[in-house]
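For reference, the structures are reproduced in the following blocks.
After this come two complexes, each holding chain A, first together with chain B and then together with chain C.
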Partner chain A sequence: MTGAVGFACLTIGLLAALYAAGAGAYAGHTGRREVAVSARRAIYCLAGLLAVAMVMLESAYLRSDFSYKLVAQNSSTDTPTFYKLTAMWSSQEGSLLLWAFLLSAYSSLVLLATRRRLRDIAPWATAVLGVVAAFFLSLMVVFGQDPFARLAAPPAQGNGLEPLLRHPAMMIHPPLLYSGYVGFSIPFAFAIGALIRRRTDAEWIRATRRFALIAWTFLGCGILIGALWSYSELGWGGYWAWDPVENAALMPWLLGTALLHSVMVQEKRGMLKVWNASLVVGTFTSALIGTFLVRSGVLESIHAFGASTLGGPFLAFIAVVLVGSVALVISRLDSLRTEARLDSLLSREAFFLLNNLVLVALCLVIFWGTFFPLISEAITGSKESVGPPFFNRATVPLALVLVALAGIGPILTWRRVTASTLRRALTAPLAVAGLALIALVAFTGAGRSGPSLAMFTLIAFVLAVVGQEFARGAAARRLVSHESWPAALAALVARNRRRYGGYLVHAGIAVLLLGVAASSAFHAQKDVRLLPGQSTRIDGYTVTYRQPTAAILDDRAGTGAPLSFGAVVDVRRGRQHWVMRPSRNYYAATDGTGGAIGRFFMGDSTSEVDLRWGLRRDVWSAIQPDLTSLIAPIRVADRRFANAPGRVQALIIAALAERYRTHAPAATFRFIVSPMIAWIWIGGAIVLLGALTALWPAPEARRRRATSLAAARLGRELSRA
Partner chain B sequence: MDYAIALAVFALAVALVVIGPLRHGQQGEAAEEARREDLEAAKEAKYREIRDAELDHRMGKLSDEDFRTTDRELRSQALEILRALDELDSGQAETRR
Partner chain C sequence: MDPARKRRVRLVVALTAAVLLAGALVWASFGEAEGAASPSRVLRDRSGRPYQMTGKVVTGSIRHEGEKVLFRVRDRNGTASVPVLYSGVVPDPFRDGREVIVSGHMSRGVFVGQRDSLVTKCPSKFQSKPSGKTI
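Entry: the complex of A and B
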């Protein structure tokens, strides 16, 4: 019943999406309002149907109904409930359903919010959203990625959720990323509608800008949470590996950043229309490419679902979107050209153009490095890959330029800024940056790394500029309002949310890059093999392996792992002293590896790092226990107790675990000391705060009937706005 | 069987929702209302630009001369929008008479 209802929702959903596409296009072409309303309602119905489908699938997971292939492959009766819920999107099929649901929900919200506006564009936007939704639904209904596929012979127990995915971030990382990807379909859809209708004014931008910012925020948060997950879970101690799927999420975020800045130029000056059309297409296309990379198996990635048959349909859809959009932009070039010209190179619009160039260049560099294996295979026949050294070398110079622009941009005004005004505005921030540079060279080891020193100096400059903007703005307000400083500051931000929210985002990015630069250039790492009682030193810390630990069904992270082996580690530095407990969780093999007892020691295992957070530095530890001394007794136990009752087998496993604890051989540890890595997460939180500030709705505009001269009305309304 | 029933039920529900506007000739929002929404949004955006310019001037980022030029231009654009809104209102008042 569940599966029947769920698949029926997908089938009717596909038909509803196709109807929305056709009816929307018809309404756009003929101007028939009732057809446009009908198309919009089809999208609403789609959202409702996919919500029901999601509920059906989640209920199957919660019931541990192993007659469903996905549930049998990704869940088990002993998977904690929290992870049963997240298991839905751990699979190709379930994640496609999540993607389609988020797209339909987002589309419904946007179409509802814009139902009274953009009458000539909205039907075309509905059609485009219907096409995108139909594509993703067709993957499930037509191309065999059915989330409700049944098994002819359901197993008694499922495989359980992939151990690497048993982390709290699994609940929000994929939904946030997908929300970002689908969110960029909104400006794309409205841009296509505007191009079709030759509407080159900024109206569609104003209507969809907020949704583009929401998508950008979701995608950024998703990327950051993924980085945090990597750092705290994967056992290698890093947060960014330049993995293809990581890069594929970063590219639309970079292009989205360019878009959010560039559309302001079109709004204010009517310029950069071709740029904006191209950036909208590029952002959405790169979001599709990111989705494609995870599902096609063309590039190796820890994030990928593995090889599948979806590569062909995805590539075809991306080609249609890209070629169709580019053709449309080219056909509308005459409408997109503007007569407005740059008044000065020292202007906000000039620097936003430079900003576009740098962000696009960054994106191209990352694209090249990500797809280099495929490019080299096409040219030379062998797959060569480039790793972090290439990406770091290529992106750092561009990142430095970007940070400099983030500092200069807020100082500039539209049209032009005079040299004297610029000099006045730059004096204090440059002085702060200069002092920071001197202090860094004199009192820290930052001078050891030229790029890091340059980055720290530029970050000081950016933070000084942002601080100056807040201070001067509040001072300007106090001249008129005579408020206190806190009140003036609060009122300043409240009345200029977009501007000051944007400044907060700049500050947040600067702080985030501070953490990246410091932790990348100055971290200390040591891989060492220690016996209980032995010590090692790293970056001024003395680390001593006190004793091994073993636990049955008691893993610290609550992942449901049957066995955990770890260590108690003593850490000292001067008067600082604390204890760390890194461990490794072991999950029973489900593929027949090992015997009745051995499978608990030879299945998948995951690292449970221990981490001491700090504003100045993090100390991070991971352990790889050596279980080779248990192999012989495990083999004996497998022979003797293969058919023993479960209670007896559990006692044997406990005895083996206790043997490890009391006779532990040397274990391999990784210790990392990373300076200022916590500022990455703090910077991300500031970015989020800035985005929320910019997104917060202004008080609803009051509408007034014309009862007086327009000029007088303008004066009155401005004074009250 | 379950699938066929679910299919029929959902298809009927969606059809009822989607066909409704077609049967009743629902026009959705009147063209004037939609135009008003667009103009109101453009008005608020223009007010924001005027306030931004005033703030830039008070902060010393815009010279007096540049501020005067910019403010004049923005206010004249705002007035055009307000006149368009007023025309909409008078057009609607005429229609009612």
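Entry: the complex of A and C
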């Protein structure tokens, strides 16, 4: 019953989206207000329908109703409830439903917020959003990706959620990433509306800027949480591997970063209109490419959903979006003429343009590397690929330029900067950067890596600039208001949220890159095979494999793994001493591997990393137990206890686990000591804080009142002077 | 210099820089690329050049020897297989029958994988095979 209701929701949703597209376009064309209202309400209706569909599917997961293909595929009765709720987006169909739902929810919010503004653009934006939603719904309704598909013969038990996905981040990483991807469709829709109506002033930018920033923040958080997940869960100890799907998420984020800067130039100076329109299109297209990459199987990636039939429709849709948008931009070139010219290369707008060029170059480099297998196959006939060394070599110089620009940008003024202003603004930050460079070379080993040393120096420069901006702003305020320093700072930020939020983001990115540069250039890694009692040394730490562990239905992470084997490891450095417990979870095989007993040892296994966080360095450990010695007894047990009652089989499994614990052979360990990796996550938190500061609405009335109060106070001060 | 001429000069400088950078990018990528190849192609080429080999782990072939792992990788749709010697920790999803990508070169009949180059690709990773017919 719920399945039929769910599919009906999707089908009616598709009709609603198509209606919104048609009615929106009609209203945009004829200017009929009541039709525009109706189109907008169709989008609200779509959001409601998809919310119902989401609830239907989630309830099927919670009930473990295996008559649903999706539930049988990636959930089971013994999957913990938390992971039952997240299993939906581990499947292609479920993730499409999530995408469509988030899109409809966002669209509804933005159309609600702009219902009394942008009356000529909004109907066209509604139409574009309707088309995008209709595309995603058609994948589910027409192209056979129905999340509510039923099985003729429901199995008694499901496959369970893929063990690698059993991590708390599974609850937030995919929804955050999708929110980011989806969010960029809002500025895109309004830009198309503005182009169609030739309303190429900055009004549509003002209306949707906030949504672009929200999308950017979501996507950034999603990427960062993915990195944290990779670092703390996957057994290889890194947070970024230049995997095609990681790159696919980074590309729209970089273009979104460029967009957030360049729209300011259009707002303040009426310049870069063609560029902004192109960037909006590029950002949305790259978000679509990101969604397409995981679904098409065109590139080899660890994230892929597997070969599927969606490549064709996706490519066709991306082509339509690109060709349509480019044609529209070209047809509107006359209305996109710039209102001003660049006065000087030493101006904020010139540096924003430069920052945009570097960001777009970075994106192109990553695009080239990601799609290189396809490019090389087209040119040379053989599929070649480039790895992390290529990406590192190509992106590090660009990243260095970008960090330098992030420092210089805030001190430049619009139009032009005088040499004396520049000198005054640059003296202190340059001095700080110089001192940092000298200190780094004199007191640390940072000089061993040139790019890292350059990065550290530039980071010091950026932080000094941001600190100086805050200090100057607060000092200027205190001159007028005689507040205390903290009060002046708080008031300063509250009054200029976008500006100081932006500076906080710059500081956060600098801190994040500090962690990236330090941990990638100076980390120590050791793969070693140890017997219980043996020790090894890494980066000044002595690590001893004290004893093996074996646990049944008691894994520390609560993923529901039946078996986990691990180790108790002593770590010492001088007077510091602590214990780490890396382990490996084993899940029962569901594909027929192994016998009644053996399948518990031969299914998927996942690393349960143990790591000790620190501001100065992290110590990271993972273990790969060697179960070879158990193979012979498992074979015997499989033969003798194949038909024994479950209770007896459980006892045998416990006995085998105990045998491993008491007669453990050598195990392979990976130990990593990474300096300053925690600063990546701290930097990310600062970026989030900055973005929230910039996003927080300042009520119009309060702003006006505050301005008039300050003016009155200034007047009093001046009359006293 | 009059403004129009100044703008033209700027444009030419910017375009030249862009073309040079793009050229460097193309050159670097082709210089660093490793050929993706199936096990049978790796077996045919006796030059010992580096490859990024893609195939499936032969069932029952995984053997741990000290820090090293020995296994065979076969063609995705075929039987030709190459013995692989890999040192270091293998990724979590690595097991019999899984699709893997490993960089390395042939040396005395064995494909010696570079440390940390092994990537396990699992077509069914996020999506298991349908366990029955759909209605």
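Here is the rule we use: the second predicted complex is superposed on the first by the 699 of 721 C-alpha atoms of A that agree within 3 Å, B and C clash if a C-alpha of one lies under 4 Å from a C-alpha of the other, contacts with A are read in each partner's own complex, and residues count from 1 in each chain.
As a convention for this text, a contact is a pair of C-beta atoms (placed from the backbone, for glycine too) under 8 Å apart; a residue touches a chain by one contact, two chains touch by 3 or more.
These numbers come from a predicted model, not from an experiment.
K.L.:
Just from the overlay, do chain B and chain C fit on chain A, or is there a clash?
P.N.:
Aligned on chain A, chain B and chain C fit with no clash.
K.L.:
Which partner chains sit in contact with A:Lys69 here, chain B, chain C, both or neither? Use first/second/both/neither.
P.N.:
Touch status of A:Lys69: second partner only.
K.L.:
Touching A:Glu267 in the superposition: chain B (first), chain C (second), both, neither?
P.N.:
The first partner, chain B, only.
K.L.:
Is A:Leu118 contacted by the first partner chain B, the second partner chain C, both or neither?
P.N.:
A:Leu118 contacts chain B only, not chain C.
K.L.:
Just checking: does A:Ala16 make contact with chain B only, chain C only, both, or neither of them? Give me first, second, both or neither.
P.N.:
In the superposition, A:Ala16 touches chain B alone.
K.L.:
Pick one for A:Glu339: touches chain B only (first), chain C only (second), both, or neither.
P.N.:
neither
K.L.:
I want to verify one number. Taking the Cα centroids, what angle sits at chain A between chain B and chain C, in steps of 10 degrees?
P.N.:
Here the answer is 140 degrees.
K.L.:
Check the residue A:Arg495 against both partner chains and state whether it touches chain B (first), chain C (second), both, or neither.
P.N.:
first
K.L.:
Which value, in Å, gives the least CA distance between chain B and chain C in the superposed three-chain arrangement?
P.N.:
Value for chain B versus chain C, nearest C-alpha atoms: 14 Å.
K.L.:
From the superposed pair, tell me which chain A residues show up as contacts to chain B and also as contacts to chain C.
P.N.:
On chain A, no residue contacts both chain B in one structure and chain C in the other.
K.L.:
Flag every residue of chain C that touches chain A in the complex, lowest number first.
P.N.:
Residues in contact with chain A: 3, 14, 21, 25-26, 28-30, 32-36, 52, 54, 64, 66-67, 87-93, 95-96, 101, 103, 115-117, 119-128, 130-135.
K.L.:
Looking at the complex, which residues from chain B come into contact with chain A?
P.N.:
Residues 2-3, 5-7, 9-11, 13-14, 17-22, 24-29, 31, 33-34, 37-38, 40-45, 47-53, 55-56, 58-63, 66, 70, 75, 78-79, 82-83, 85-86, 89-90.
K.L.:
Which part of chain A faces chain C closely enough to touch in the complex?
P.N.:
69, 72-74, 90-92, 149-155, 159, 162, 164-165, 234-236, 297, 300-307, 341, 357, 361, 364-365, 368-369, 372-373, 376, 382-387, 389-390, 393-394, 527-529, 590, 593, 602, 604-607, 622, 624, 626, 628, 666, 668, 670
K.L.:
Which residues of chain A touch chain B in the complex?
P.N.:
It is residues 1, 4-5, 7-9, 11-12, 15-16, 19, 33-38, 41-42, 44-45, 49, 115-119, 202-203, 206-207, 267-268, 411-418, 421, 424-425, 472-473, 475-477, 479-480, 495-496, 498-499, 698, 701, 703, 705-706, 710-711, 713-714, 717-718, 721 of chain A that touch chain B.
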